[in-house]
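Here's the structure, in structure tokens; my notes come after.
Each chain gets a letter, A, B, C and D, in the order it is written, and its residues are counted from 1.
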Amino acid sequence: MNNNLSHKNWKNRLHDIIYEADTPIGKLFDVILLILIVLSIVFVMFESVKGLPIKTYTLLYYAEWIITIFFTFEYIARIISIKKPTSYIFSFYGVIDLLSTLPLYLSFFITGSSALLAVRALRLLRVFRILKISRYIGESNRLVKAIRDSRAKILVFLFAVLVLCIIMGTVMYIIEGEESGFKNIPISVYWCIVTLTTVGYGDIAPVTPLGQFLAAIIMIMGYGIIAVPTGIVSAEYTHHQSNKVHLNTQSCSHCSESEHRDNAKFCHKCGENLHNENE
Amino acid sequence: MNNNLSHKNWKNRLHDIIYEADTPIGKLFDVILLILIVLSIVFVMFESVKGLPIKTYTLLYYAEWIITIFFTFEYIARIISIKKPTSYIFSFYGVIDLLSTLPLYLSFFITGSSALLAVRALRLLRVFRILKISRYIGESNRLVKAIRDSRAKILVFLFAVLVLCIIMGTVMYIIEGEESGFKNIPISVYWCIVTLTTVGYGDIAPVTPLGQFLAAIIMIMGYGIIAVPTGIVSAEYTHHQSNKVHLNTQSCSHCSESEHRDNAKFCHKCGENLHNENE
Amino acid sequence: MNNNLSHKNWKNRLHDIIYEADTPIGKLFDVILLILIVLSIVFVMFESVKGLPIKTYTLLYYAEWIITIFFTFEYIARIISIKKPTSYIFSFYGVIDLLSTLPLYLSFFITGSSALLAVRALRLLRVFRILKISRYIGESNRLVKAIRDSRAKILVFLFAVLVLCIIMGTVMYIIEGEESGFKNIPISVYWCIVTLTTVGYGDIAPVTPLGQFLAAIIMIMGYGIIAVPTGIVSAEYTHHQSNKVHLNTQSCSHCSESEHRDNAKFCHKCGENLHNENE
Amino acid sequence: MNNNLSHKNWKNRLHDIIYEADTPIGKLFDVILLILIVLSIVFVMFESVKGLPIKTYTLLYYAEWIITIFFTFEYIARIISIKKPTSYIFSFYGVIDLLSTLPLYLSFFITGSSALLAVRALRLLRVFRILKISRYIGESNRLVKAIRDSRAKILVFLFAVLVLCIIMGTVMYIIEGEESGFKNIPISVYWCIVTLTTVGYGDIAPVTPLGQFLAAIIMIMGYGIIAVPTGIVSAEYTHHQSNKVHLNTQSCSHCSESEHRDNAKFCHKCGENLHNENE
């Protein structure tokens, strides 16, 4: 039992180091992990750049292996130190942590000249590790909540935009013909999305006067309807804030209803006098 | 009379299947219809793509006919099962449903080598069928209402933008001359819309220093005035919410205080029961 | 005196026709004027298009003269029918009305082969006549007021954006060198405005890795700071509306202060009971 | 002591001229300084333009020296006339004022053909002098405060956008291959930022159907998520205004009602004089 206790203590200490950032050693661990994540992303990026000296690629190869091994130990340590390993393994970050170590090991089992490139692609998934970084930003919760509340409305809006793009894209295909880049309907719809979202690459652009006239209308529409998602989020956000201002946290002594208007004298639910303690 | 009743029941059951989505079979019908609409749009899109094997075009041709026949039966069923057929036929979706079946049938009557292409264009109108999808999204109503309320203001704004574009386009035509893409005033106005809406294709771009200076001013103006439609929609939306969600117009029978929360049972000012007419 | 009165009546009737749109004939006049303004703009635009048949240019020439003569008569009628002609002549629309008739007449006095082109440019100023259209849109007043209130803040913001563009443009000029389109600082500043306002022509684009890195930062900054003018207008607009909701127009019987909160019982300025007429 | 006093007076008068703009001579000084700052920026810009006559470059060279000497005297005068010179020297504008005079003097000490170009780069830092202009705009403070309050949230948002761009950029690199401009991951991430922020140069554009499909999704995402920073700033700004303008936290001594308008003298609920401590 004593051994079990010391075992528990050892696991608890590891848990504190890995999962929490309040102790100095826990903070140090998180900072090192953060630096390694950024480094690993930079390495993956640089590996894709052509024309560097071969020595650099060799260095990047070794650096990648060292970081991957560290991440593997970290992954195992996370599983050991937690009480319910499954709650970590099947969590969002558990899956990402696994996906960011696995590809390099898989490159041993899947051999062959053509398969190598596919493995390289798998290794790129390690970029998902960057999502880990969001773990260190605690203040983003409120932002995420605000976005989630207006998600449904924004999706409906984006869907409406997509429908509009399909219709306008088809019309542009008929107007512009196939000479001026509008080769088929999917390409025309792609162009319409590029235009309506005000991206405007210019790889495809209308050349006929009628096409340019319609394009101008699509642009002005895109300029006008960008106001819609913005209005939704603004209202949602303002609403959240104004809730705080209008209602207070005073709770009724009779029915414990807690959301009363600031100037309420009686509970709006049961009619109890809210200020009877003053009498 | 019994026959008439069973006939009514048969029509009612068809009506429930087609127009409502509460029963399992009604839901199934809607899901199948939705899938067919998406498929038909994908088929129309792919048919416009050049360079596919001929077998694919034949398959697309048959698939298109099968879907069109299904849509025709659906259209007839909708007319039969509703009590007032005219209310459906002349509704927004009634017209779209007709327009999305008609073009393929018309290709029989309008013959000739050159006319075939025109019919192909008519068939493209079937894309309007996608508008049917919005029928399945019930939550978009509130969004549509918010946009409708600020529609007048946004139109005035877009009109002002258009006037600005005509003036600035003319000035750019004078400044840039005809060497650098600004061939005539309509093209210059088109360029100005492309720039002000921050689309920026780059097919036409100013080359003279003065032209670039003016273009920079147009861009910064476009960047600044995009705030206007956004501000309008935001304010409209916030206004709606703060009225709708928080307070209603019910007034207390005792003290005539009128701003109560929607779920209030008792007056927050004097404690009077707000629903005493039910007692 | 009788003659003077009939003279006055004649002037008054002309005034009603030209300046007001309540009588049927006044409405007709405004609609005809509106159509002529649009036509005249379309004619000026088409005249700049190259490659049309010569007959069209002749027609456009005569049409332009007819419209200009009508506008001249209208301008004189406006001066005659108003009591204080100076109040019209030096008003915004008075100046625009004059500027939209003058250029064509000036083409007689300023002769010479080189001057002809300059006159053509003067004639283009007739586009300003389109501003007249805004006279017919009464509902735009509130929008204009909202923009005017946030004008100062938006100008400060746009000035800050311009300063940022000058600094970033200079830095980009140093980084990119003179090979990749960043030929001098003004061009670099122009590019920076094109990028920050998310227009993005693509005629000038960074090619060095460091330049592309900085360009990416400028883009993300532009994406983030577009929120500022939008936030200003939204807040200004919401503020205007919420003023209406929170305060009522009830005025105090004692001090005639009129802006009270909706649930106020006593005047917040002098302490008078606001509801003493009920007692 | 009399001499000391006159010395003080002399310094005080200089201080009033330089640091304040209330006296006519102080205003004149500020206007001249403002003009010289703008001129100096214009000169630096024009010096980078190629192809001007040599005489112009000589003129620009002398003009630059004259302005730099004036700025040097101004810098010294600012240090002399202030009581605590260190509070100026280490302030934001103190550092900028120094940086905008130093580069030209340094061009004497750092000699050599290659170093000359580096000095030229240092001289470009003089552009920072433009920041001085913001000193003359007093009204920007409130705008700056509003931005600062929502800074943290916008940074979190921009960081999330960056993470998204890294992931999407990598996926695009795998999809598009290396033929179509997506040469390596950093370039792909750069492209993704260009697209998501709706800049859209068009120097790199997807050519494969799958790449264009993903690009369309990125664009629509960019179009939708631009609403987030806008919503944040709008809400922050609205919140500020509705608090500041309407209500204060003063509470009534009689009924302890606390939400009074800023200029309220009497409690709007019970009519008690809010400022009875003055009586």
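FYI, a contact is a pair of C-beta atoms (placed from the backbone, for glycine too) under 8 Å apart; a residue touches a chain by one contact, two chains touch by 3 or more.
Owing to the predicted nature of the structure, the values given are computational and were not obtained by experimental measurement.
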Of all other chains, the one whose Cα centre sits farthest from chain B: D
Residue-number overlap at the chain C/chain D interface, same or different (half cut): different
Distance from chain C to chain B - Cα centre to Cα centre, in angstrom: 30
Length of the line joining the C-alpha centres of chain B and chain D, rounded to whole Å: 41
Set of chain B residues in contact with two or more other chains: 157, 186, 189, 198-202, 226, 230, 232, 234, 238, 242
Partner chain B, residues of chain A touching it in the complex: 152-153, 156-157, 159-160, 163, 166-167, 170, 173-174, 178, 183-186, 189, 195, 198-202, 205, 209, 212-213, 215-216, 219-220, 222-224, 226-228, 230-232, 234-235, 238-239, 242, 246, 260-261, 263-273
Contact footprint of chain C on chain D as seen in their complex: 41, 44-46, 48-50, 121, 124, 127-128, 130-131, 133-134, 137, 139-140, 142-143, 146-147, 150, 154, 157-158, 161-162, 186-187, 189-190, 193-194, 196-203, 226, 229-230, 232-234, 236-238, 240-242, 245-246, 260-261, 263-273
Contact set on chain A toward chain C in their complex: 198-202, 230, 234, 238, 263
